[in-house]
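Below are two complexes that have chain A in common, paired first with chain B and then with chain C.
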Partner chain A sequence: MTAKHETAREPLIRVVKRTSMSAKGKLGVRLAAVLLALLADAAFIFLVTGLNPIAVYRTMFSGTFGTSLRFSWAMRDLASLLLIGIALAPAFKMRFWNIGAEGQVLMGALATATVMIYCGDTLPAPLLFAAMLLASVAAGALWGFIPAWFKARFSTNETLFTLMMNYVAIQIVACCVNIWRGQASGLGKLNMRTKAGWFPQIFGQRYTINLIVVVALTVAVFCYLRYAKQGYEIAVVGESENTARYAGINVGRVVVRTMILSGALCGLTGFLIVGGRDQTISTGTAGGNGFTAIIVAWLAKFNTFTMALISFLLIFLEKGAGEIASAYNLNDYASDIIAGIILFFILGSEFFINYRAVLRGHGHQEVRK
Partner chain B sequence: MNSTLIAWILRAVPFGTIIMYGALGEIVTEKSGNLNLGVPGIMYLGGFAGFASAYLYENAVAEPNYLLCVLLALVCAFLAAMAGGLIYSFLTITLRANQNVTGLALTTFGMGVANFFGVFILNGRTATQSLVYRAFQTKMPVLSGLGALGQTVFGYGFMVYAAIALAVALHFFFTRTRAGLNLRAVGENPATADAAGVSVARYKYLATCLGAGISGLGGLYYVLDYNQGIWATTGQIEALGWLAVALVIFTTWKPLNAIWGSYLFGALYWLYQFMPSLLGWSLPGYVTDLIQMLPYVVTIIVLVVTSLHKRRENQPPASLGLAYFREER
Partner chain C sequence: MTPYAIELHHITKTFGSVVANRDVSLAVNKGEILSLLGENGSGKTTLMNMLSGIYYPDEGEIYVEGERVEIRDPKDAYALGIGMVHQHFKLIDVFTALENIALVLDAHERYDLKAVREKARAICERYGFVIDLDQKVYEMSVSQKQTLEIIKMLYRGARLLILDEPTAVLTPQETERLFAVLRAMRADGKSIIIITHKLHEVLEISDRVSILRKGEYVGTVETERATEDSLTEMMVGRKVELNIERPLSSERHLRLSVHNLSVQSADGVRVLDGVTFDAYSGEILGIAGISGNGQKELLEAIAGLQKTLPDSSVLYYPDDDRDSSAEQLIGKTPRDIRDMGVHLSFVPEDRLGMGLVGSMGMTDNMMLKSYNEGGSPIADRSAPRKLAEEIREELDVVTPSIATPVSRLSGGNVQKVLVGREIAATPTVLMTAYAVRGLDINTSYTIYHLLNEQKQRGVAILYVGEDLDVLVDLCDRILVLCGGKCNGVLDARHTTKEEIGLLMTSLKQGKGGDQR
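Right, the complex of A and B next:
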């Protein structure tokens, strides 16, 4: 009778933390989440538009793989998103919520554009590129340094600080674009006549350099986080600041150093976007990628190779939705909905990796074993 | 009173009201320890649901009853925004997903939903209007005609005054009622609240969903009053949503500060248009961009100053951004 009493007090479902899960299990949970999300999206597409979801998905597929040019565009956009994700990885691993990537990228892009405009005619090409690179990295690093310094010194909330810095950067860019365009309605491509500061074409595309850099950085940042001493310090600070302090790590220094790195890589991304992709600048240069990259970096758990996969999935969806839009007379915003639903499912699936549910009564049997 | 000054106030107060709703909702949410960065998405959901319900009702009925139409829009906006809050709550509270990432995904989702379905209603046009805005903008009959004072104090639609009333009500709720104090305890230290017998999950769910509903009203006010009932595919609401998040920090999580804070943000936002005639300066176009930066800069300064002083009453809720799991530790 007492046993019956005990079980009656137990809730129907109890949640217990998992000690660990095999790599296979984790992959299975995530694949299941993506599949379920695609089913949910299919249901959404069917209910709203009445179109055959399979035909729609096939159209979507051709958005990225339809022609070699489309694939190359997808790769170009993947490079921008993934670069920012990689830039965020060190900060996030340190549990420093750098929501300010959008602004850091914009400041890097702005520095690049400034050098292009004011030194484009005077500096020889190699020096010009060096100046663009240095300026963009410095600008991004500065935008990362400011919130990090306040965090290290006064523990100012970094999530909110970096978020606000985005809008400061956007307004500065808007102001500069306004000055540069003068009476014209838009800025247009910079140095249109001389093409000074434009990346050289390799394999017919200027953004080939962006792709090379993103591959190199994927490997480099992966190794930095996994094998370098600094990467280890980042991991310790992220797991527990007190442990880090006890082990003799100067937490403030690690925070500032890592954010300078994160901001510098964002600034570098701005340089690559302006020099290799857009050859111009606007407040939309980062195009929301600074926010999307946060999701990418978090879902990949700071593993840069996983980031490449997730970035690809998101770019695939975006391109696919654009394709659906033109094929079925819908609009591009479908991609936001579809991506949103997939993200919700993947975010929710993390729960089943970290926890398991125990049904009423089953917990006790396990203890007896 | 100077006519420019009046015009400025008449711009600043409605603008402030949009972000006041957004911020009040987010204050309620954050008091429970949930940092919901989905405010822009939620405001999109609220704004679109309110507009769509009013618009569809108007076009379905020969002689629409505008009182009913206003109520319908309010209810639909609140419910749609709550649905957004529910998605966020389920993921972050029950499934303990990361709050920042979930919020950002919700922003993408809400913006997508509003603009995707918005295009169906637009049906090829670039913008369409619901006439219910006239009901939303109805001013107090006699008082609003009483000169400059009447104009600047009584010259707005009812939602402006409702926002002020809501801020005062929330202040009393947080400081004087048991439920409000419990909610704050949940946001400060959920483990202690749990030990004291407060249901952490229930408070978090309720605060986040109701907070989202209130934020959604900001979107509704933007579309049906501020923007004169015009729906167009726009990125404007997103910027307003982030401004609302900034306002929450500016108020140091106190609803009463949201009243003057929001009007101040509105005044700063519109400063560029009225500064030339007020001060006799003529400004080049690009300076306006720098002036519009002021609300964010001011927010950063407030954030830094409060972290410098470390006064207990000005700090963010202590468990802000963290999921609660009873069996941890």
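Right, the complex of A and C next:
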């Protein structure tokens, strides 16, 4: 048989993992990616919509930076998304796939709303805020604790468990909202008359408190993971449970403790959304941020500062796409594609930071004789 | 003369710089059971993997029924009638036995379960297999899964069956049943190669025995003319002069007293069965045995990482004073043991999966066991950093920086980091599992030297090893494990490799006690 003696041919392009890359090289790859993204996008804009790419980019930019109100909204949305990403970081670093941020945020929001409704008229403002905070953190922590305990005790699958807890939370919120709204068509803003439990404006900005909290937590969680003993334990458990046991770490306790923290931070986000942003609650309060934040946490490799950049990029593109759609009367799909192309190139560049392509005949020969 | 069912001529296979097989030749007759015998790492499985198309030999030829063949992948092997049952079964848990058998159908064959069932049933009747074809694999015992694997191979038309340590997971009764089936297959003209460590099984089942040692072919003997002693000698070979130091230490106090230590695996098998022995300070106690005979469980049980059965006891004597109160280590977690002030160091077999965190640098690995010391919630990294620098300096660890993830280091350097940390903890008991596995000669000698230093410091050392030459030269006493039982404790200065090899491969009747 002739086939027997045929040698395997090297493929035209092989992908090889890089050992490491200098900081300069990384910056170069990323800048090239942005440039390529803008060029490819310009081609799309010009060929498909017939618009002037430069003008479209300017419009996109104004989606976030056009007016101070727009910038304020962008920061508001950034705060919610980034906070959830930060909340997920400890759990993900432990390789505990917490897909339940959406539900944990909702439970925190529900607890906040409950306190606003039932204590809004009786408690003085400082006590009211403290009660809202405590209730929201406790509710989020509980929603994180339940799947963690089952995982530690019975090795249940946390991905499915946390995912399903989302739906439980959504149904509970739907039920409460139905009770509270009574005959009205919607719940409307809570405590509209007294504004009890509404965050005050600081520096003339409505979302100042949310922003201060998110900046503080970005630093705090970064330090917690990097420098604290508990952060070290999380890293060891995430890498290998066997090693953790060998080191004398009580794996179950670390899992439960970390998920209580993750859930509590999600609950806190719910508090900030209800008290500082919406002043009301619905099943859409978390708005899918609980899922988007998973992408944020992953892309940032659980580094909270990188998360801030990625959250900003996502929000910037989202606002920009919306702005393009309304300014040029495009349909949403076209504007989403314009934003999506940029995201594709920027994320795709990570591949070239970790891998390189080798053409046939170059580099190490691996042909079987 | 009829040609051999299969012949290997001058097969050589290397992995990087490691030679797994060198110039190996052997042959199997039709209707014959051939045993392939050898220590761990002697290249048995590698050799068989070349027959089943998983590896491709660097050099040498393979003949099937007299014809030269190329086996490039498992498909080629099946086409030639070669079937291998691996140690780890390749079955789909959620399928029934029948569905698993149907998986061997070719893409162009019709998926006709009825036909598959009839043919499978015929195979079962012919050779006396007992199996429920409608049972799901996850409900099967290990022995049933193995039976299914064999049926699968026969269904595929295997004329040569290779079994990789088939009896390692079986009870004696199940082994008997397997052997009955193998004999029926032999009577039907099939050829069988069986890899095993157990000498009495070799003598019971096979027609001829081929022996490998350190990747090289030693020879083939007729089973009728072989004895356990003659096979052991061929397997372990002549004594090699290693010139490992064995200093005498002046101190010798009782440090650990292990009594009736038993561990049960998740499948309910007693992997460690009533082991009793003493370990002394200033002594290296070697632990010999074919791998998987309870070494891992023994060390992990002492370290507080294994659940033990009732009545197990590990007493630790803290002072050099015999009358001092002993402390029970069983039922304690590793942290409990540390909090009791017991300096127990442990170099586990799985260096990156248990002893170290691969993605972390040397510094962070140094603090793995000590990070929790002190009251501050912030982890102190300055002391570990200093220790990392010291170890890097003293043991010549080759790494770009102490922050480089240790998984990027070579095997020898990884081991230096691990051993360095464990010794830096000033242990009173030091346990090592396969401390020099995969290391080059120089690094191995570095490790032996470190162990001897610790011995002279008055540390009680448990050294689980696989190279008998090293065990005989390095250790003071050698405990031999066989089937999870203590099969004897020998004085290393007055024993031979043959004596150890025999104790490793055949359990003495009514044994299990301790001997000094």
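The criterion applied here is as follows: the second predicted complex is superposed on the first by the 276 of 369 C-alpha atoms of A that agree within 3 Å, B and C clash if a C-alpha of one lies under 4 Å from a C-alpha of the other, contacts with A are read in each partner's own complex, and residues count from 1 in each chain.
By our rule, a contact is a pair of C-beta atoms (placed from the backbone, for glycine too) under 8 Å apart; a residue touches a chain by one contact, two chains touch by 3 or more.
Keep in mind that what you see is a predicted model, and the values were worked out from it rather than measured.
Of the two partner chains placed by the overlay, only chain B lies in contact with A:Glu350; chain C stays clear of it. Of the two partner chains placed by superposition, A:Arg193 touches none, neither chain B nor chain C.
In the superposition on chain A, A:Gly248 makes contact with chain C only, while chain B stays out of contact range. By the touch criterion stated above, A:Tyr333 is placed in contact with chain B alone, chain C being left untouched. Once the two complexes are overlaid on the shared chain, A:Lys24 sits clear of chain B and of chain C alike. Residue contacts after overlaying the shared chain place A:Asn178 against chain B, while chain C stays out of touching range. Overlaid on A, the two complexes show chain B and chain C touching no common residue of chain A.
The part of chain B that touches chain A in the complex is made up of residues 35, 37, 87, 90-91, 94-98, 100-102, 104-113, 115-116, 119, 239, 242, 245-246, 249, 285-287, 289-290, 292-293, 296-297, 299-300, 303-304, 307-308, 316, 321, 325, 327-328.
Interface of chain A with chain B (complex): residues 15-17, 97, 99, 150, 154-157, 159-161, 163-168, 171-172, 174-176, 178-179, 291-292, 294-295, 298-299, 330-331, 333-337, 339-341, 343-344, 347-348, 350-351, 354-355.
Residue ranges on chain C touching chain A, taken from their complex, read 56, 70, 72, 303, 305, 333-335, 338, 346, 348, 350, 353-360, 364, 367-369, 371-372, 376-379.
Residue ranges on chain A touching chain C, taken from their complex, read 4, 227-233, 235-236, 239-240, 242-243, 245-250, 368.
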